[in-house]
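Each structure below appears as C-alpha cells.
One chain, chain A, links the two complexes that follow: it is found with chain B in the first and with chain C in the second.
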Partner chain A sequence: MVNFLLKRFAWGILVLLLVAVITFFLSRVVPADPAAFLAGQNASEATVQKIRAEYGLDRPLTEQFVSYMVGLSKGDLGQSIRTRRSVSTDLAQYLPATLELLLVSFTIYLIASFSLAVTAARHPGGFVDGAIRLLTMVGTGIPVFWLGMALQFMFFYKLHWLPIGARFPIRETAPPVVTGFLIIDSMLAGSPSALLGTLKHLALPALTIVINLLAVGTRLSRAALIQEQSRLYVRTARGKGLGPRVILYKHVLRNALSPILTATTMQFGYMISWVILVEVIFDWPGIGLYAYQSFQVFDYSPVIALAIVSTAGFVLINLLMDILYPIIDPRVQSVGS
Partner chain B sequence: MILSVRDLSIGFRRIGGDLPAVDKISFDVREGETFVIIGESGSGKSLTGMSIAGLQPATSVTSGSIRFKERELLNRPDAELRRMRGREIGLIYQDPLGSLNPVWPVGDQIAEALRAHGLASGAAAARRAVEMLDRVRIPDPARVATAYPHEISGGMRQRAMIAMALIAGPSLLIADEPTTALDVTIKAQMLELLAELQREMALTIILITHDMGVVAEVADRILVMYAGRVAEIGDADAIMRTPSHPYTAALMTSAMISEAEPKQQLNAIVGVAPGLGSFPDGCHFHPRCPLAQDDCRSFVPPLRRLGDVALACHHPVGSDTALMAEA
Partner chain C sequence: MKSLSGIAGTALLLMASAMGVNSASAQDATTFVYADAGEPSTIDPAKANVNWEFTVTRNVYDRLVDFDLDDPSRLLPALATEWKQDGKVWTFKLRDGVTFHDGTPFDANDVKATLDRLLKVGQGQSYLVDDIASVTVVDPKTVQIETKAPTVFLASNLSRIEMMSDEDIAKHGGEAGEAWFSENANGTGPYAFVAWTRGTQIELKRNDKWWGKFPEKPFDRVLDRFVTDGANRARGLEGGEFDLANFVPLDEALRIGSTSGFHLVEGNNLWAWPAIYLNMDIPPTNNKDFRNALVKAFDYNAMVQSFQGKAVVGRGPIPAWFPGSPEKDQPEIKTDLEAAKAALAASGLSNATMKCSVPAGFPEFRFAATILQASAAQIGVTVEIEELPFVEAITAIKTDKSNCFVLGNANLSPQDATKFFSAHYLKGGFFNSGKFEDPALQELIAKLPSVSDPAERAAMLKQASDIVVDSHYIIWPARPVTVVPEPDRIGGYRIDPAEYINARFWELYSK
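This part shows the complex of A and B:
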C-alpha cells in the first residue's frame, strides 16, 4: 500500500512538472508583452525595455525557461509583475479564501447530491425521482455567470438577505488572521457575529457552485445506487429478512460508494475550474480572482503558478481517493498489494 | 402439507399484454421431504421457487395461491413476508459469489440473519455465526467468519450461504440451483451436506435444478416443469423408473448420455426451449416432441393421474406403442 502510494505520489510530481512546462511555453506563445502593460500607455520604449530587463523578459526563451525551472525546483514561483510581490506571497494571501469557498461548496455538494440521489433511487422513475431530475438539470443547464448574477439580483438586490462581494462585512473588523480561513479564524476569535458575517458572504458563491454541479453528481450517484440495487446480494439480503433501510444503507450504499467517489473526483476537477468564474462574479478575493487579474495583464508567473496549484489540488484529491478505495471495497486492496 | 401451491401464474407486465412465464401450476410439498423442481432455463422453475418467498422480480404479476403452514403468502405486503424470510423460509442461490455482499465479512452477513429477526445481537450473533459455519462443515470457521467472500473458495461460499439460510432456524429451505456453479466433487459434498442438515434440523427442502443427476441423488418427489407448466409430478422413484411424459423421458435420456459422454449433453432433445412470450399453442412441448399429434398442437393437455404420478400429456410414453413406432 505504502509502495503504491509512493508511486502515485511520484506520478503526481511528474504531472505537476509537465503542467509547469506546458503552461510556461503556452504563456510565452501568446503574442503579448506584459512589460508594455505594466509600463502603461504613454511609457517610452526605454522604460518598457527597463522593465523587460528587470523581469528577465529580454532574455532568450530557453534561458528564461531554465531559470524558471531552477527557481521552481527551489520552491520559487517567480515574481508577479502586476502586484510586484513574489507569487508565493500572493498565493499565501489568496489561497485560503479559495480553499474555504471550495471546501464549503464541496461539503454542501456532497451532502446535497448524496441525499438527493438516495431519495431519487428509492423509487426510480417515480414522481420524486422525476422532480429531482428536472430541478437539478435546470440548475446545471443555467450558465454559471448568469446563475451567479441571478442569485445576486434575488438575494442581495431584491430581498436584501445576503451580501455580495468580498469575504467579510466591509464595515466590521475581520478576526485576526491565524489560518486565513475566516470560519476558523472567527471561531478562534470567539466571535459569533464574525462567523455569521463570514457564512453570509460564503452563501451565494457557494450556492452558485453547488447548483452547477448538482445535476451531474446526483445523476451519477443515483445511477450507481440503482445499479447496485439490482445485484444478487440484494436479493440475498431480502431473503434473510432484512428491511429496505438496512439493505440500502448497509448493503447497497457501501458498494455504490466506489463509482460515486470516482464521479466525485471528476466533479472536484470541474469545481476548480468553476471557482475562477465564481470568484470574478462575486469579487471573491481568492486565487480565482487573482488568476483572472493576472491573465488580463499577461502576468506570466502567477498564471503558471496557478496552473500548478490547481493541478496539485486535483492530484491530491486523486491521491486521497486512491487511499479511500481499498477502505471502501476490500477487493481493491488485494488487487493493489 | 407444509406448502400448497394452487394455480400459480406469474407474468411480466408489458405494453400490449402480460408475458406469461408460469402458467397455473399447482403442487404440494410434504413436511420433511426433498421436493425437486426440474426444468430447463426459462421453464419458470426458479421464478416459482422465488415467488414462494416473495422474491420474484418487482415487475412481475402473480395470481393464484401459495399457502405455507396454512397461511396465504401470495401478494402479501413485503413487510409481512420479511418476518418470515430467513426465520421460516431459508434460501440459497445459484451464484454464491454474486449472492454474497463483496464488501462485508462472511460472518457478519450470516449473523445479520439473526439480527434481522431479533434472535441475537452483537457478539452473541457473531459467535452463533461461527458455530453455524462449523455446522456446515467449514474448517477453521472463526477465520472464515472474518474473511471477505472473494477470499474463500466457491464451495466454502455456498456452505456459508447455507449457514446464512439456516441460522435463524427455518423449516423450509428453497435451494435454487445450489450446485450449478460448483464442480462435480464439491457438488456431491454439497448434496450430502444438505441431506445431513435436513435430518438434523428436520428441514423440508425444495430443490430447483436442471440436473437429472441431482434429482436421482436426493429427490423424494419431482415436479418436471416445461415452459411455465407442469409436465409431470409425483414420486421420484416412479418417474425415474418409467418416465411417462415424453419430455421427462428425453431429460432422462440426455442425463444418461451426458454421464457416458459428457460432451454429448442435451442432444437427446431436439430444438430449444421456447423463450418468454413465444410459448406455442396447445402443449408447450409439442414442437420438440417425438410423439406429438394434431391434438397436441391445439389443445392444452390437462393434468391427470396415472398411477403414482400426475402428468399433462395427451399421448404419454408407452400408452400407444404403434404410434411411437410410427414416430
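This part shows the complex of A and C:
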C-alpha cells in the first residue's frame, strides 16, 4: 500500500510539472501584452518596455521558463502583474473563501444526494422515485450560470431573503481574520450575527453548486443502489427474512459505495471548474474570481499557478479515493496487490 | 439513516432561519456603498489609469486645481488658490492649513516630489503633464513649474494630478518601496483610506479636517465594492444593497431610473462610444476611398436606436460641449448608400473582405461591429468579426492581423484636446491602432498649446478635427449621453465630463 501511494504521489508531481510546463508555454503563445495593461492608456513605448523589463517579460522565452521553473521549485509562484503582489500572497488571501464555499457545498451535496438516492432506490419506479428523477433531470439541464442568476433574481430581487453576492453583509464589520474561513472566524469571535450573515451569503452560491452537482450525483448513486439491489445476495437476504431497511442499509449500501465514490470524485472535479462561474456570478472573493480577473489581462503567473492549484486539487482527491477504495471494498486491495 | 436526515433537516432549518428580510433594505444613512465595476490593480496616483482606480485616488487625494463640471472652461481653486502663466513658467500659490491624513502639513515640497515622481514613473496620467521640464520650490507656499514649451493647458491638466506627500515618497519611494503606494494611500482629500479587503471592497472614511466644504448630511463611511457583473450592479442598486453603481447597462439604467424611488442623472462625458479605427497600413482599409465607402455606408440610426435615443452622431472627434469644439461648424455625418457605392467604385476594389477585432466584454462594441458588417454587406464588402480580450484585440490591428478595431473615447483633460489627439491620431500614440499619420496634424497639435488666444485655438482645433474626419480613419457610430440611475434618498451626483464615469463622494449626501 505504501509503495502504491508513493507511486501515485510521484505521478501526481509529474502531472503538476507537466501542467506547469504546458500552461507556461500556452500562456506565452497568446499575443497579449500584460505590460501594456499595466502601463495604462497613453503610456509611451519606453514606459511599456520598462515594465516588461521589470517583470522579466523582455527576456527570451527559454530564459523566462528556466527562471519560472527554478522559482517554482522553491515554492515561488511568481508575481501578479494585476495585483502587483506575489501570487502566493494572493492565493493565501483568496483560497480560504473558495475552500469554504467548496467544503460547505460538497458537504450539503453529499448529504442531499445520498439521502435522495437512498429514498429513490427504496421504491424504484414509484412516485417519489419519479419525482426525484424528474427534479434531477431538470437540474442536469440547467447551466450553472443561468441557475445562479435565476436564484439571485428569485431570492434577492423578488423575495429579498438573501443577498445578491459577496461573503459578508456589506455594512457590517467582518470578524477578525483567524483562519480565513468566515464560519469558523465568526464562531471564534463568538458572534451569532456574523455567523448568520456568513450563512446567508453562502446560501445562494452553495445552492447553485449543490443543485448542479445533485442532478448527476443522485442519478448515479440511485442507479448504483438499484443495480446492487438486483443481485442474488439481496434475494437470499430477503429469503432469509431480513427486512428491506436492514438489507438496504446493512448490505446494499456498502457494496454500492465504490461506484458512488467514483461518481463523487468526478463531481468534485466538476465543482472545481464551476467555482469560477459561481464566484464571478456572486462576486465571491475566492480563487475563481481571482482566476477570471487574471485571465482577462493575461496575468501569466496567476494563470499558471491556478492551473497548478486546481490540478493539485484533482490529484489529491484522486489520491484520497485510492486510499478509500480498499477500505470500503477489500476486494479492490486484493486485486491491486 | 435517521441521523443523516436529522443533519439534513438541521441544515435546512439553519438555511430557513437565515432567510429574513434582507438587511440592505434597512439603510444606514452614514455609510455609502458604491458598486464599482472592477477592483483596482493599484491605488497609486502615479499609476492609476482606470475608473475603479480613480474611484479611490480622486477621493483620497486632492489636486492643485479643480474645474467647473458644468463649464469645463472655468478652472477652480483647490490645493492651489492662485496661479498665473508667464511664458514657460507657471506659478502656483498654495492653500494654507492643509494637512495629509497622517497629520503632516501640505506644502510646495509635496508638489515637487509628486510631479518629479510621476514623470519618473511615466505611467497612469503622467502623459497629461509630460511637457513639464522642472518643478521649483520658491517657498513653502509657492511652487513654480516650467514647461518644455509654453502651454496654456498646464493648469487644466493639473486638475487631474493627485498630490502626494513628499515624506511618503522619500520613505516608500525608490525601486524597492514602490509597492507601498499600490495598496496604501495618504492624501489630503475628502476621504481617507481605511482598508482594502482583496476581492471585496476598499473602505474610506470622511476626513473631517478637509479644507473643502461637504454638503449637509455627507457620508461618514464609503465602501467601494467590487461588483464585476453589470446585471448584479443593476439588481443590487435596485434592491437597495448599493447606493450608487457605475456602468449599469443602459437598458437597466433607463428602467431603474424610471421606477419609483429613483431618478436619472444625465450628462456628457464620452467623445465616442464606440469609435471604429481602420487600419491605414493593410488592404483594403489602406485605400482612402474604401474607408470613405465604409463611413458612408454605416447605419448610424441603428446605433443611436441601440442607445434608445440617448445618443447623437458625432461630426468629428471633439464633442460640442468641449471648450473650443468645432463640432457645430462641421457637416453632419450620415448614412448615404449611394455615396458609399460611388466611393467604393472610386476605390477600384470589389468583393473586398476585411477583419475587425473587437475587445470582448463591451456589448456596444460588438453591436457596432455587427452594424458595420451589415452595412458593408449592402455595398458588397465582407466584414469578419473576431471578439478578443482587449490587449489581444488591439495587438491584432497593431500587428496588421486585423483591419479594424473598436474602442471607446473619452478625454481626461477638461480643456486640452492635444493629449487625446496625441494618443489616438498621432504617430506613436497608444490608441492610434490603425497607424494614422499626417504631418500637418502633427504640426497643429504641437503648436496648439502655445496659442494663448482662445479663438485662434478653436480655429486650429477645427483644422485638426477636419484632417481626421477627411482621412476617414475613424467611424464614429454614436456619442451617447451617460445615464446614471440615482436613488431618491441620495443627492449630489454629477457627471464629470472629463472622466468615463466618476464618483465624487465628497459631493454626495443623504436626503
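Here are some notes:
Definition applied: the second predicted complex is superposed on the first by the 336 of 337 C-alpha atoms of A that agree within 3 Å, B and C clash if a C-alpha of one lies under 4 Å from a C-alpha of the other, contacts with A are read in each partner's own complex, and residues count from 1 in each chain.
Methods note: a residue touches a chain if its C-beta (ideal position, glycine included) is under 8 Å from a C-beta of that chain, and two chains touch if they have at least 3 such contacts.
Just so it is clear, the structure is predicted and the values come from calculations on it, not from any experiment.
Taken together in the superposed arrangement on chain A, chain B and chain C fit without clashing.
Once the two complexes are overlaid on the shared chain, A:288 sits clear of chain B and of chain C alike.
When both complexes are overlaid on chain A, the residue A:231 reaches chain B alone and has no touch with chain C.
Judged by the touch definition given at the top, the superposed model places A:161 against chain C, while chain B stays out of reach. Once the two complexes are laid over each other on the shared chain, residue contacts for A:243 go to chain B alone; chain C is not touched. Look at A:96: by the touch rule set out above, it reaches neither chain B nor chain C. Of the two partner chains, neither chain B nor chain C is touched by A:78. With both complexes superposed, C is the one of chain B and chain C in contact with more chain A residues. Between chain B and chain C, the minimal CA-CA distance in the chain A superposition rounds to 19 Å.
Shared interface residues of chain A, touching chain B in one complex and chain C in the other, do not exist. On the chain A side of its complex with chain C, the touching residues are 30-34, 36-47, 50-51, 82-85, 90, 93-94, 97, 108, 111-112, 114-115, 118, 149, 152-153, 155-157, 160-172, 174, 196-197, 199-200, 203, 245, 249, 280-281, 283, 285-286, 289-290, 292-293, 295-298.
Chain B contributes residues 50, 53, 55, 79, 82-87, 90-91, 93, 95, 98-104, 109, 112-113, 116-117, 148, 150-151, 161, 164-165, 168 to its touches with chain A in the complex.
Across the complex, chain A meets chain B through its residues 231-233, 235-243, 246, 250-251, 254-255, 328-331, 334. Per the touch definition, chain C reaches chain A in the complex via residues 1, 4-5, 7-8, 11, 14-15, 17-25, 28, 31, 33, 38-39, 41-42, 47, 49-50, 122-124, 126-127, 179, 182-183, 197-201, 223, 225-229, 231-232, 235-236, 238-239, 241, 361, 389-392, 394-396, 399, 419, 422-423, 428-431.
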